[in-house]
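Look for subunit A in each of the two complexes below; its partner is subunit B in the first and subunit C in the second.
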Partner chain A sequence: MLPRQRLLLKKVIAHSVLIASCALILIPFAMVVLASFRKGNFPPSTLWLNPDQWTLDHWKYVLGIPYRELLNAATGETKLVNPTVAPMRWFLNSLVVSSIASFGIILLSGTAAYAFARMKFRFRSQILTGLLVLQMFPQILTLTAYYRILNYIGEHIPWLGLNTYAGLILIYLSGISINIWMIKGYFDTISPSMEDSARIDGASRFQAFIRILLPMSAPIFAVVFILSFISMISEYPTASVVLQESANRTLAVGAYSLLDEHEKLWGHFSALAVLSGVPITIMFLLCQRFIIGGLTSGGAKE
Partner chain B sequence: MNDGAVHITDLVKTYTDDRGRPTFTAVKKINLEINNGEFMVLVGPSGCGKTTTLRMVAGLEKITSGTISIGDRVVNDLEPKDRGIAMVFQNYALYPHMSIFNNMAFGLQLAKKKKDFIQETVSRTSKALGLDHMLERKPQALSGGQRQRVALGRAIVRNPQVFLFDEPLSNLDAKMRVQMRSEISRLHGQLGNTMIYVTHDQVEAMTMGDRICVMKDGLIMQVADPLTLYRQPENLFVAGFIGSPPMNLLKGKVEKGDGGLVFKETANENAVTIPLKGPVETIAAKVVGKSIVFGIRPEHLTEESKNGSTAPVSSTIDIAEPMGSESLVYMRAGTGNLIARIHGEALYHMGQPITVYVNLDKVALFDAETESVIR
Partner chain C sequence: MNLPSILSLRNILVAAAALAALYLCLVAYRSGGGLVALALLVVTCLGFFIYLNPRAESYRYLFPGLLAFALFVIFPIVLVVYISLTQYSSNHLLSLSDVLLRFKAEVTFSGSDSFNFWLYRQADGKFILALKNEKKPADRFVSEPIDLVPGQDGTFSEGPYRLSKVSPSQQISGEVLDAARVARERLYQPLRNVPFQLPGDILVGKTDLEHFVPQKRVWKTNPDGSLTNQIDGSVIRPDFRAGRFLDQNGEQIGPGFRSFAGLDNYVEIITNPRIQAPFFRIFLWTLGFSICSVLGTFAAGISLAVILEWRELKFKKLYRTLLILPYAVPGILSLLILRGLFNQEFGAVNDVLKAVLGFAPAWETDPWAARAMILLVNVWLGYPYMMLICTGMLQSIPSTIYESAAIEGSNPVLNFFYLTLPLVLPPLFPVLVASFAFSFNNFALIYLLTAGAPRMLGGGIAGETDILVTYTYNLAFRDAGANYGLASAIATLLFFIVGTLSWINLRFTLKRYARG
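Coming up: the complex of A and B.
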């Protein structure tokens, strides 16, 4: 084979692999998007819609806009559907819960990570290892326990019990050990001489943490925030157990409720699934500007 | 005014693990008096406890036992900011997310000083350091030398009694290091504050220090001004540490020869023999037959015999390093090389026989066991 041909072959192979992996990601997404615009409630199955198959009904449904639904194709009989506001409500529920819980996670794991990275105390390394071991068990295993605990709390503190957002956030805040590890790992890369220097400048330990270490750690906090946010927007099992009233549901639970055993509203479901990507995308774009390299460079030379 | 004097008494630092169990004693009961306005250099190999000592003076490291006082105050339990100190770190330790102005102003802002005062102090200091045109930049945009100058400025604006330097020049390139060295010396001249300067570089120690404290394994080996340290080392460690190339240290014994005492190197081959006379013979008389170390600096081995108090040593040349105005000649000896720093532009060759003269007035004899100098 000529060198030119060999190069061409290499390029063809490389591009085929790349195109195939892109397709693997993009095709299911395109199928869901198309299902959300397809007349009738069909599961995502096609990559092509004929002009007469398009409709905005599913989107109107999830956005709470009234529309006419075709009841009988033969007679042309339609009915005005005035959707309940539930999907938008779920959407907001998810936004609120995920945002508050993500901030809470940053607060808790950030301060915990500081202690593990910078302080000396008994059983420090054992606790760190313990956190890692705990993280290996899926949170779902403890679901019944969470149910009982929230039930019990709810008897005494009603706003923190079952069927409350605070209760759900409380449970979400318990899953932070991997975040502690991530943030601690980042703190470890920052020279302690920065905080030493701040202490000589008159900063208390807390001031050194808030004014020196935190701003320098923005990238890791952005990563932890976005990862927590994504996982909570799409979290189903815990939310479905804790939040039982229809209006209280989060997006993931609400979306799944559209796939009832008797009537699977695939079109509605698809529109809602696409919609759930919007806050994640916005949050990602907001956080992305913090996820930059070189934030700590220039301060210390190792 | 005696505010900047630092007294270190019976200072001990033992590091502990997570559980508080002792793991390693870095500083072993040292005593050191640093006078007001003095430039004191702590020097020693890594792990000798010099940085730990400095960090205890700064208040960044808890004191295990002993006391440190600055001026008349015992500062053991004071916060770093209340000790009247400022510190410059090896890795600059600038705040990377702040502008140069804020880096220098941070301490004053925390102390809730008036805005005008901060502005005035920072601009005056930055001007003196040639940083006034880069106050809005971030540390990242500065060169190593500029960054260290910012760190210096940050220390100066605190107006401390005592400046602490933790190997501030180690991260700079050779040229910058020499420049900053003189800048810090000049600063000391201008401000007149007490400065404690930690380094592992004996050239920095010799060129900058009013006095030098040589440390090893958590102990002070000797405290003296640079020339005393160079001329009269108290022990083998100081003798070998200060000076480049280092002092020649030959292991051997003093024996009785035909014309008086001689030093005989203990070795199977190439052992050198040096006849002793003058004051050094009197000292050597105390240790006849004992294992000693014979110390002589390279520049005290000359090619010409001078004024009676020299003794000849003959050997062959191993390597010669011509350096222009002088040559370093490595002569074969029993225990390693005998290095002579010979002035003049003559060329020397490997294997060439050579006779040099030991300036006996400059010889130091050390007890091989205790490693201290014999007087």
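Coming up: the complex of A and C.
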């Protein structure tokens, strides 16, 4: 074989592998988009809809717009569907909870990472190791402890108890270990000389941290924010225990509830998945460059 | 120090914060949480020490984060480990004192007297109970003013309230409520179960809507902690290890109670065949699942990363963007979507397989098909992360080594196995171990995908696709015979496995870090 033919063959193989992989990724998503426009509640399974199969009912349901559902095609009997809680609400709930909690995570893990990266104190490496190892405890059994703690807090401070976003956010704030490691890893790559000279000029340690190190570390904070945001959006077990009213569910709990009942509402679910998945995905892709940098320099998302 | 500097703004703020914190401790203490109040006090003192003492400066940055971590990570762990050392299940739900109260509350009716009753509502909202003997109207008794909350059940732990004899003619103050009104105003529930005591230590309690009758307790408490049945004279003793009361024949009487069991739960995992058999099967599958997940995601991730690193390839950016989609879309949505695709009857996967290969695996009912599905889904969800990490590693390999390999007549496959892999694996090793540990505990994946189904024959609540965490969850919450103590013991074991692994992994990584 000539070298040029060899190169061509290699290119054909590479492109076919990549195209096949992309197809495996894209086809399920395409099916979900179609399932959200398909009459009836069918699981995502088709890449083609006949003209008479199209409907906007699922989207109306998800957005909370009342519509008439056809019960019997022969008699033309219909039923007015007006959801008491529009599933879109769950997505908004999740946005609120995840943004506030991710912001809180940045505050908590950023300050802690600063101490680990720049200061010397007793038990420094032990605490650092302990944070990561203790986070490995199977969370599922600690749920009852969360329940009890929030229940107790709620008896005295009602807005921070069970069934409140503040309570859920409070629990999410404890997931700082991985983020401390990531931010510390980034801080370690920045030379402390700038902060040192600022301190010689009379800045306090805190000022040096806020004015000099923080602005230089914006990329890693973006990464931590997005990664914790996405993992909180997907978090199911804790959210399902803490928030128990239909109206205050998060996206994960709400989306699962559509498929959990006797009648699996695949159409509604698909519309909700597209509605909420698209903006989050776009946000992630826009920050792609940061994320790849942060993952490869700092540590790991788990 | 002069006076104005003591009264500086900072000091006033500190004092105000201290007072507020102390007030919170007091509130907690008053509400009956002595331990909570103590913990709060310790945390407050620690906080003030750290923020006021210049020598504790580094801890100022750690305090808020570590506080959240202590409350929602460390405290729950301590609680679960403690519970793993106790008898705590649906058969041992109550505390010993609650069980004793139940015994105490067991009464039989005695004597032939029967009393009508009235409540007198006082101006301050309290109530006075008045009884009158049905047969001897001269026998009248009244209580002290007592608190009753409408609609809330009274318990035997209150009282007994003493009733004192009054003359038939004496007026009782307050608004009178007869039996019918008592029922209407939902004051019947709070009166139920609450014992009253006539002069001469005769207990009386409600029998029906309109009457009180004399009662006798069934169980008498003995000084050594045993209880004597006053009807048949039998004696029962608490067995603190097993968490129940036993009579002379060793039969359990009454409900079990939570008790300290030492390592019994751990011994049970190893020795009880009904738990041991499914436990080891599930353990093997958990191992297999974690190893295959890591290998699968790594293989897919590094292959795609290597291809995408090829300089002469076009559309690389587009490919990469599409290929990281599973990482960008919220995992829970992808997971549920894939579950739909693998639906046994209507799913797209089986539609395609039937059309192309002529067979349709039973993803939901066949154990091996279900396991294969879980791995496929997990690889689909997890490879983009590996791909991104591998891309970073590949970019740090100097291209000159490939050039010299090409001169030696190497090909891409040889390059991959003899050059790329040996260079990439060592630095990637910690990531692979972390990913293994994560799979080991990946509750949401199994729970939302199969919930452990199909069931394991003869395995009780165990399912064929259950991993240890989901099995633990079922043990703790799902079954009628929920066994929280045993589940906590398994969780603790799991933590030892995964925690040790992570710890070794960290040591290894940190050493490498330190070397350069």
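FYI, the second predicted complex is superposed on the first by the 271 of 302 C-alpha atoms of A that agree within 3 Å, B and C clash if a C-alpha of one lies under 4 Å from a C-alpha of the other, contacts with A are read in each partner's own complex, and residues count from 1 in each chain.
Note that contacts are C-beta pairs under 8 Å (C-beta built on N, C-alpha and C of every residue); 3 or more make two chains touch, one makes a residue touch a chain.
Here the structure is a predicted model, which means the values were calculated and not measured.
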Is A:10 in contact with subunit B, with subunit C, with both, or with neither (first, second, both, neither)? second
Who does A:159 touch here: subunit B (first), subunit C (second), both, or neither? neither
Output check: A:197 vs subunit B and subunit C. Expected answer is one of first, second, both, neither. What do you get? first
Which chain makes contact with more of the residues of subunit A, subunit B or else subunit C? C
So, A:46: does it touch subunit B (first), subunit C (second), both, or neither? second
Contacts of A:54 with subunit B and subunit C, given as first, second, both or neither: neither
A:121 in the overlay: touching subunit B, subunit C, both, or neither? Say first, second, both or neither. both
Common interface residues of subunit A with subunit B and subunit C? 120-121, 125, 295-297, 300-302
Subunit B residues touching subunit A - in the complex, by the definition given at the top: 16-20, 55, 58-60, 79-81, 85-87, 89-97, 106-107, 110-111, 138-142, 144, 147, 154, 158, 171
In the complex of these two chains, what residues of subunit A are touching subunit C? 7, 10-11, 14-15, 17-18, 21-22, 24-29, 31-32, 35, 42-46, 107-109, 111-112, 114-116, 119-121, 125, 127, 129, 131-142, 144-146, 149, 152, 155-156, 170-171, 173-174, 176-177, 180, 205, 230-231, 233-237, 251-252, 255-256, 259, 266, 269-270, 273, 276-277, 280-281, 284-285, 288, 291-292, 295-297, 300-302
List the residues on subunit C that touch subunit A in their complex, please. 27-28, 31, 33, 36, 57-62, 64-66, 68-69, 71-77, 79-80, 303-304, 307-308, 310, 312-313, 319, 321-334, 336-341, 343, 346-348, 351, 380, 385, 388-389, 391-393, 412, 431, 434-435, 437-438, 441, 443-444, 447-448, 468-470, 472-473, 476, 484, 487-488, 491, 494-495, 498-499, 502-503, 506, 510
In their shared complex, subunit B is touched by residues of subunit A numbered 120-125, 191, 193-194, 196-203, 207, 212, 215-216, 294-302
